[in-house]
């Protein structure tokens, strides 16, 4: 039974979530050393999670005796540098999202790990939530037919650290922070082989005194004809709104990951307690999930990553996926400026996907537009004359 | 106590809903005559709703002795013609949505009733749902601050009559059928004085064998900077998805009008029964509303229309509103073709609206980007240096 | 077209709701005079609702020129006295719930209106909510088979007037205030002809400094074998919890009347506004209904009452129903004291109802306990040997 | 890092769930041998879960070389026998719920493991669901004040194996199968130190051709005055209804574990797929959880059990708890027969709990019954005269 020893780079909220997950349940993997720029934060973090060593040197963390896997939980502008170092050291590297600040940077990162031949996993946790995985399973089994539309929404009142708000360090605003989740989630529902062709985006800075966008909506047209749609905001009130909706020719899937999950509480505010990340108040009706580690996908994600390493296979989420996500975001930023659809500029490895098929039946040589059962049991057909295109009703006893 | 005598033009589903509403509860208004192209349908309809007269002549219906109000529930391509006739006869005219097939036609209709000086009301029922009205009241009272974004969604498996599917007769597809609702609902949440400036739309015919679009998504940029977003589809599976979501700087409103309203039923299918319009199955978990007349806004709508007539005021929804809606739809169709933002081309009567205001506080001369209370009670400020734009964290005891 | 002129007795919250309903939409009925013990309250009320006359004399209100219908919205201990006066005056009388403080009083009231021959209606609005009416329609059509269990729950943080809290004036506590709703709602789902046989109840005064019960739960066994269950509380936190759940042999119905109805709002509390009765806060996530007049059943209720008068038929809810409700409450109070099941002591007019039928099929002479389809398509039967009672599994290809 | 080797006794649905959990994520514990009465089932199970050994001998499974922990997933009537064997062999023993068929049997089991000195854990998974654990945390922190009422409901269309339906083998019907969950869940919310004093129950066999009850409702009075309430049914239609509701003096908690958890799907039935245990149909709107292993509490449960073993502490759920549950069920069965409240007959180890405290404030020497803020900002007090008990209103500016 193989186990892994992790160097955790970064002690922010995401470092906490990752370490909590790695140490949760009956896991056989452990964080062996933690790095922070700040000695104090590294020490406190190592105590909080019972980690045997801490350091303020990235080199030391990566090359620590027992480290076999480097987990990157640092601000976006530091990803490339540390991934290069980890790859050079021959260590497996798992990087938080987004992979980079733009596709060019992402491409260099991808090339580096591929040429170094090290294992690389893209830590897109929202592709591993139990709900999303069940949805994908349902889609792949044909349960909703061909996907025609997918909406992924992530909005909250804004991130917890200064660097997120800094356009230069982060690579952008809400699109980079939240849109990267949505894009990959949408790709997963569309099918990874369904090429994102072009993007139309709106973004604006409506509320906060920052340069980066605090609100954005984008449409992504896929090769099959299906439409992806993401909505991101740093100005949402009421907590963390994290929802996906998928429409298919044979069904519909709605996922609500945080605000209405069957856990509902009203409190007069008399207690003294932390309920969940990104809850806005500690009084009144409150909504959250029971277990963030499991329901936000962290548990499934690290299991897939380490199992993939042990089995010599690719994980579900790779650096190539991270690169695609960056390319879609680049197109969104271009579109927000050019005010028109912009192509997604990528080296595509995913093959070709056919157009969503129209499967209209025929009746007496006419296409069936719709078929309805009337209250009296008869059938009403709306038919299209194949030659003239005229559409007319026909009620039959069939 | 004034009462009104209505000539109902049209015997389709909408005619049924309108008449059911007019005759519902303890109403003092009645339909006095009904018109249909088909004598048989007119007769059956008059019997179903206990209407004293029926006719196959529009002229006769309009000029029927006691008629003081003409309700237009006919296919879109017939609106202009009958409204002209009603205006010429000096009768009040209430017209179903959309007002016309395009803004040009709508403009002629508007000019006609204004020059004739007759009362004219736009029957946009979804602006009168009790939920929407409570939402508007909340918004107007400042309950959610400045509106930054509104989403209106209407999707179902497709309409019940052939003419809806016919691009020529209807003026378009799902945008004209469903988008007209969404646009006016969004305007209501944005404030009627908030000018719709430009539109970006995607549309496609993904599933049905028709020329008109069966799916569309559009973004509408308003003068305040806020974004409206509508999603329409004739290919949705699972019933009638009718939802609005509004985000504001101080709050959030979510309205679900049909699929999760506190009425939830599971049935093995053993009974024999009609549950509601646009429900897809009579087996399994089923969702609907209790009373479509009230919850879809029909009751409030006709009350407003007749009260407005009796009080000599304008109704909440006017033909001018209908004209704006058509102009926004026109822009959406243009954008779907040009693949870029298209201006909304209108004669604007609504005045000017200021930009959503940024109300960032300051701390030591820096703009406050975000303020969070830490678990230990201290306050974390994310601050922006007004000169350099640099963003940094500060933890204080305040 | 008949219209009615109402004497409204009482100016409390219920008087407001009744008058709002009577005057709502395009109603042809009006309140012509209002009575209150307090001249000031009568005057203010008459102004609020545009009522032409007010008085502090019950006699005067009842015998006011145009009054044809007396609506009783007074505290429980005053019902008998005013109903006797109205019946003596030969006026139709509509009485709020509960009809009386106990079955004995209710019986005298019932006898009085029956001997006087006046129209009498029991204003149990929750039997007229659109959701409840759709549920009843579904049940009557066989949609959920035989009802086996019904739960009705009404809880909130306590009533708004002193007399409710006074055991003597009200006739009890939460059972009398809220249980009376639940009992009649349960009867409606069970079928009015299904006799309530016996009651088992728990009650206690857990939180408030009062003598009356502030919490109670009761079980009601019906002749068919089905179980009714009501839960009432004056100590619930979070608003007004008003839910019904019905289980049948072929289906399930869940009704939520207030807290999750598709109207969901989050507000930072910045606005200045009344959202709805019994909402606990004006900040955070808030839940309500769009239109209390319609969704709480008031509109349907008065329509039924006046239509019944005009058509010379009984309304859906009669004083006999009110009497049954009081008898069930009496049994609940007796049971809470005796700590055992207590019979419902009534003069029963509803006929007989058979036992819920067991419809087990047979297989090879054994009763089928359950039939399941296995993932591989085969069928698993759980069978009961009719002689020995032994239960065993059998997997077949059927 | 300690790991455990498990002998899994039983290959039914619960054996599958337990093994799936033990082998899930990055667990270091494994099933080393599996026992079934049937050689075929043991072999198939061992292959499905990649278990190195299987046997038809309980002795062999328990005494298998590496077995340190015996997990009992057998029918109720076999628990005592195998626990005695495991205890005699000195192995840790984890037993599925209920512990036994009645309190007498449970007591003997408890005495056996205590005298043998082996580790014993009660596998009540529903006390370990993330939602329940968050609820308990909230309650313990004072977030909802004193608990006054808790409802636990578990209903579905009936179990999957013949022995469950057999009163003799199972020890009863729906109460034993489902009520055991509810009782322990209620105890957890009430506080384990809050003694269950007496029980009032109704049960009946309404639908299935069996001797055991297929429906039951019970009330449990706790020492604090709070009321527990459970509802169980084998005749529910619509899937698995698993909900808890808790009322406290300062708040409310609602948990929905299966039917509305933020995972909602509609399918025309075109796919070919297993969605979840106890879903009734594969068509229409379908509800489930994303990950049963995590959300039904299995993951947390085994983690607690093994961590407890490794740390030499008691697990959260012990055989003593199982014994209490059996005693409460015994009281329920007695009450269903005697038709009155029946005491819970137990050896109590939990100490004493005080009565829920009434914390009424005073105003001018009167008890404050309720305090409301009026729309005009004034305060309405409902006051109780401490001497006379009379209750009256007072409006103040405070």
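Order of writing sets the labels: A, B, C and D. Residues in every chain begin at 1.
Keep this in mind: contacts are C-beta pairs under 8 Å (C-beta built on N, C-alpha and C of every residue); 3 or more make two chains touch, one makes a residue touch a chain.
The shown structure was predicted, so the numbers you read here are calculated from the model rather than taken from an experiment.
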{"item": "Required steps from subunit C to subunit D (each step between touching chains, minimum)", "value": "1"}
{"item": "Same or different contact residues where subunit C meets its copy subunit B, judged by the half mark", "value": "same"}
{"item": "Result of counting contacting C-beta pairs for B-D and A-D, higher pair", "value": "A-D"}
{"item": "Intercentroid distance (Cα basis), subunit B paired with subunit A, Å", "value": "33"}
{"item": "Between subunit D and subunit A, distance of the C-alpha-averaged centres to the nearest whole Å", "value": "35"}
{"item": "Euclidean distance of C-alpha centroids - subunit B vs subunit D, Å", "value": "48"}
{"item": "Shared interface positions of subunit B, touching two or more other chains", "value": "144, 237-238, 250-252, 266-268"}
{"item": "Arrangement of touching chains [line / ring / star / complete / other]", "value": "complete"}
{"item": "Subunit B contact footprint on subunit C (complex, rising order)", "value": "1, 3, 25-29, 129-135, 137-138, 141-145, 250-257, 260-268, 270-273, 275, 288-291, 294-295, 299-300, 302-303, 306"}
{"item": "Interfacial residue positions of subunit C with respect to subunit A in the complex", "value": "237-239, 266-268, 280-281, 283-287"}
{"item": "Subunit C-facing residues of subunit D, complex", "value": "144, 148-149, 151, 155, 157-163, 165-166, 200, 202, 204, 206-211, 215, 217, 219, 221, 225-227, 229, 231, 233, 235-238, 241, 247-252, 274, 339-341, 356, 358, 360, 367-370, 372, 375, 380, 382-384, 389-393"}
